[in-house]
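First chain A sits with chain B, and in the next complex the same chain sits with chain C.
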Partner chain A sequence: MAPSVLYHCPCLSTSSVPPPPHLPSSSYSFHPLNTLFFCEECDAVRCNQCVSVEVSSYYCPNCLFEVPSASVRAEKNRCARNCFMCPNCRNTLAAVPADPPESSDGRISGSVNEGPYILYCNHCRWDSVEIGITFEKPTGLAAQLQKFEDSAPDSLEFDRLKEHFDAFLRQSALAASTTAAASAALARDIPGVGKYNPLARSTNNRGYGKDKSVNRDEMTEYRSRSEISQAAGGGELDVELMNGLEEVDEVASLDQRWESSWVSSMQTKDLKPIRIPLHSKRSKRCPACTHILIKPEQKSQSVRYKIKLVASNYLPGIVVVLPHVRQAKEELLKRNLGKSVSAQAEEPSVGMVAGRSYEFQLNLTNPLYDPIEVRLSVQRVHVSTAPAKEGVSPEKAKRPPFAISLPTTKFPISPFAEAWEYEDDEDMFGVEDDELGIGPTSATVKTTKDKDGRARPKTVGVLERKANKTVVGGEIVIGKEAQGSVKFNMLVSYTYRSDDPAPSESGDMDGHNARAPEIKTFSFYTVVDLGPIIPREEVKLDL
Partner chain B sequence: MAGTALSTEPPILYSKSEFIETDTGNKVSRRATIAGPQNIILGGKTIISSGAIIRGDLRRTGPGHAVVISLGRYCLVGEGCIMRPPYKTYRGNFNYYPMKIGDHVHIGSNTVVEAATIGSHVEIGKNCVIGKFTFIKDCAKIADNTVIPPNTVIPALSHFAGSPGRFVEDLPESTQDNVEAHTKGYYARFQPG
Partner chain C sequence: MPPIRDKFTIHSKAVVCQDVELKGDITIGAGTIVHPKATIFAIAGPIVIGSGCIIEEATIIVNRRKEVMRIGDENLFEVGCRVECPSIGDFNTVSARSRVHHTVRISNHCVIGVGCLVVPIEDEVLDDFTVVYGPSAERRKWSGRGKVQEMDLRRKHAEYLREMIPKFNRLRRGDGV
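Let's turn to the complex of A and B:
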């Protein structure tokens, strides 16, 4: 499992502190950065679960035809043209001319054959001859099948239901001749008269209304067209079918049968091709301020957006790397140089062993056009039940005990700019803690040269800076009896100077650009997952 | 250019003698089999790995110069890939159709591609089979080991997997930027070593 960093979305909850990561339910609130949005009005992160979604347009995933919303309802959310799905393998069907009887070549014969057309699946080789559907022309297949569909039992039943409820609704609409506004006005003026809510009336067939209500009766009872007990399939018929089975494949799988809303025959040879359901393009809004976050373009296959407020344009991206894993991979690469992919040696599973300490590196990328100063801090996990020390008993140690050390001071990250602007920045280093810096070399991991008696490379602190990325190192010490995976919440807060004059300072009309730089701070939580811990017992077994 | 990469983004090394670099930045492996190179267009900064087979010789009958396969910029054709233009027999005539691939397309290793059109920012996994006359629109992602039957249409921003390839999910809106950064970063890290 590669180490990863996921971002927390508070999802409109009042506390912005995320749940501790050892709880399994916490994975609900953490998302990868590329799925998150950012609302500029509320200055908050939004995720796919809390945004409100509206459909912007519909299209067929096969013919890519954009269906206007009016026809969508008429066609029951399916493609009205020639798009069908194979009932066997769910692949799209092609309309091909049927085999001429005397030819023994493949499907597409040489002669121009205007004969009947059939549907053919080019993956599982199912064709519609098996159920006896052929067409006269290769276009307008949906229209040709229309009469079959209309006479299907479920659509007849649906029409009957619609007629029944239509009559009922028309009746209730007549009774609801007063509008909601008028009744609200009445309720204000005359105390004691309840508000007349037309919505509540039509769904409830008991007379719930106060005054102004004509006591509408219950609905007339509905008699369905066919009794359920006599519906196709089920009961004795099924038993006979099973008795006469020769191959398991003759019975349609559940997957193939539950698409339709009506009980259908259980045999695979009775499965009908399905019209392809439409896909939609969605636009998303912030739940709090209803600002539009995502608004796609009208063209169904265009990938551009009119409005695109994604979080990766506002929040710094964080990638976590474990250097010892990477070094193992590099050695592997060097050994594999020149070999093909299939001949490469297998990667050894390198992980973190309990009882040791490892360093990890965080690579932060600044997406803004202004430099930012970032401060990281690890959230302390309060585990009230288990004692928070090493060597805790295994069944309580759902939270593996480990200690994280991160640089605590702020560090800057350069702004995002074009590549050619970065010539000066390449060899910049930050000097942190008490360690003395090294002379300018290429951007590699520095090693301190025993200036203060320590031969260890500097691991905690800012390691390198290049362009708009900064690498920060941290260390983790894993307890001896630790198990599970290493996950910790990290609070990232950054400040940036925004050059835009705030609206309240609009009186500041100088000749030059009104640079009233206000320092804005934003903070968000992330969960850093460094991967599973290899318990020490396993390592001992290898020896 | 070596040595200026960040330590968290290691270079992807290749042996210098193996790749030919053109003046537009394309890096073509000498061990790739390129048939009919005069009919193949590479957009620039495209990497063709060793063992890839690109059939530019299967061209449509007809006079004049025909482009059989065209690739965009920052593309990557993985090792052992086979790229063959699709063919059809229509009304008695057998013909090959040109294959157009957009920019920022990464094709995984050992994949067989016979699609007619691949859009931009598409990511195709390894060991896939893309059937003939498939249309893959922009920013699609095809998982590893997928078999896409012929004449499939893969809409934009979709994730397909399985055999036959089925729609799995819609990709997030920032996919185009991510794929672009990934392909550009890959090319920048692809260095002789």
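Let's turn to the complex of A and C:
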């Protein structure tokens, strides 16, 4: 698995420290950067699990017609126009004129484009004549099929249920008139909030049987239109069908049958075309301050967004690379150019072997228009002191032992700018820092003091600065008996000078007034996953 | 293995572009259109292509068997397909990026869907009006409805190409050596 960096979203929890990564349950709170949002008001990262989602518009995926929310319910979430789905292959059906009757000499007669219309699937060549449906004109097909649909067993049942509950609701609504009015007003203002009926909760949802509550909650027992045991598709009929089967294809497969919400016949020849279900465009809000984070455009054809507050525009992107793995992969590619696929599959896997030390590189990209200074720090994980239970296999430690060394000083990353603004190499770098002493061209090999005080080619620290990216090197030393994957939490904090007046923020300002540029700090946790450790020797573990 | 001797018999009404790779003993009938960058290899045995066929770009028609590979009339071989079957009938459509093995014999009016791999292990004959579709190459029988219009469409397609392709591509003329 390629090494990756995932970002932590606290998801409104009070502690900002993420759970240690070796626990299996901690994976839910780490996300890749492209799935995260950023709320400017709260200055916080939001993920898909904590945002509140609401529907922005509905559209048909076939004809791209935007359906107003009012007619969505009326049309039962389906397209009201000519969009149908082939029951066989679930492709879109086209309304085509049927073949003209062949004239005596077999030539094509002139009237190819008139005549009855049929639904035809281009992909599997199914057509509606197989179930006996033809149309007089090619438009308004849904209306022409309306009477078939209305007489289908599920819609009849639904209508009966609605009548039954309608009467009951009206009766109970009269009794609690104030709440009904308030709830109606609420339902009008906020879409998606159903009518709040305090009495509905106390009744059994299905309306069967006796209610234990007050008199007025009693409802007459509901008798469905057809008994379930005798409905199509159950019991004896199925057995007879199977006994008389000639080909497997005569039975409709599960994906073909579960599109409709009612039990239907099991035979393929009874499958009917289904109206295409509508899709929706959603907008997302921050759960704390309810500001909109994502708002798509109303037009169904456009894939852009009116408001798009994604985390990748605010947080630096981090990519982790293991140079030795990358080099080995490139060599493998060169050697495999002439080989066939089967020979390639037997190459040994390259990874990190226990007991050695490797360097890795973090490539940070600054999305802001201001330069930032970043500081990285590895979060120390406490090894659990709970005694191991008896009977549990004595793995060495739940967390594989390894040591990470990262540069601890702050390093700057230049702001994002368009490509043409970087004229030559000199301009790609920001403020020159005496400590780092960066030269004008790419990777510097500079001797520096690392933890042991020896001078050697630099692997820990800033390796390269180019445009708005900085490559930082770190080192990992893996213990001899290590197993599992190498994952560690890393706290990334960065400061930037911002010109925005933001008087409402507190604690992050340096006490200047609103107009002057301020230095803002933001920090977030990430988990860096460098991949699995290849145990050193198989022999040693056979104890 | 004897060297492949090229012998092309191309009808004068066929439209074969210059960029086509032809090898071996190939016969192309009247009105057939071969787009540029197609590949027709008659390696072990000859290939006979009927009239009115449309062979689009990047198709590979290969005959690795000694017997003659016969392709019928008015077939459509879409972009990127690979065909090795020993016999193909009339009015078939082999859709884009599909593959048909040399164990299959195709009859008339069949449709091999987009991206389908028809690669049975044993010899098989696809009956008339078979439609192969879906990622797992399921099959069903076409009722034949709409075939008149499709034939009409195919002929119009071929006519249009016959007009347009010579305007924008160089044509291969005459027989090969």
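One rule holds in what follows: the second predicted complex is superposed on the first by the 401 of 543 C-alpha atoms of A that agree within 3 Å, B and C clash if a C-alpha of one lies under 4 Å from a C-alpha of the other, contacts with A are read in each partner's own complex, and residues count from 1 in each chain.
Quick note on the criterion: contacts are C-beta pairs under 8 Å (C-beta built on N, C-alpha and C of every residue); 3 or more make two chains touch, one makes a residue touch a chain.
Keep in mind that what you see is a predicted model, and the values were worked out from it rather than measured.
Q: Go through the superposed model and pick first if A:His123 touches only chain B, second if only chain C, both, or neither.
A: both
Q: Touching A:Val471, do we find chain B (first), chain C (second), both, or neither?
A: Only chain B is touched by A:Val471; chain C is not.
Q: Per the contact definition in the header, classify A:Asp249: touching chain B only (first), chain C only (second), both, or neither.
A: In the superposed model, A:Asp249 contacts chain C only, not chain B.
Q: Look at A:Leu463 in the shared chain and tell me whether it touches chain B only, chain C only, both, or neither; answer first, second, both or neither.
A: The answer is first: A:Leu463 touches chain B but not chain C.
Q: Quick one: classify A:Cys89 as touching chain B (first), chain C (second), both or neither.
A: In the superposition, A:Cys89 contacts both chain B and chain C.
Q: Which partner does A:Val303 reach: the first (chain B), the second (chain C), both, or neither?
A: first
Q: Would you check which partner chain A:Ile294 touches, where first means chain B only, second means chain C only, and both and neither mean what they say?
A: Touch partner of A:Ile294: chain B, not chain C.
Q: Touch test for A:Leu64: chain B only (first), chain C only (second), both, or neither?
A: first
Q: So, A:Arg326: does it touch chain B (first), chain C (second), both, or neither?
A: A:Arg326 contacts chain B only, not chain C.
Q: Identify which of chain B and chain C touches the larger number of residues of chain A.
A: B
Q: Please identify the positions on chain A that touch both chain B and chain C, taking each partner from its own complex.
A: Touching chain B and chain C on chain A: residues 89, 108, 112, 123-124.
Q: Would you tell me which residues of chain B are touching chain A in their complex?
A: 3-10, 12-15, 18, 50-51, 78-80, 89, 91-92, 109-110, 121, 126, 131, 137-139, 147, 149-153, 155-158, 164, 166-167, 172-178, 193
Q: Considering the complex alone, what residue numbers of chain A touch chain C?
A: On the chain A side, the touching residues are 88-89, 96-100, 102, 108, 112, 118, 120, 123-127, 129-130, 249.
Q: For the complex, give me every residue of chain A touching chain B.
A: Residues of chain A touching chain B: 34-35, 48, 59, 61-64, 89-92, 94, 108, 110-112, 121-124, 279, 294, 300-303, 305, 308, 310, 312, 319, 321, 323, 326, 329-330, 333-334, 337-338, 340-342, 361, 363, 426, 442-445, 463-464, 466, 469, 471.
Q: Which stretch or stretches of chain C touch chain A in the complex?
A: 111, 113-114, 131, 133-134, 140, 142-143, 145-149, 151-152
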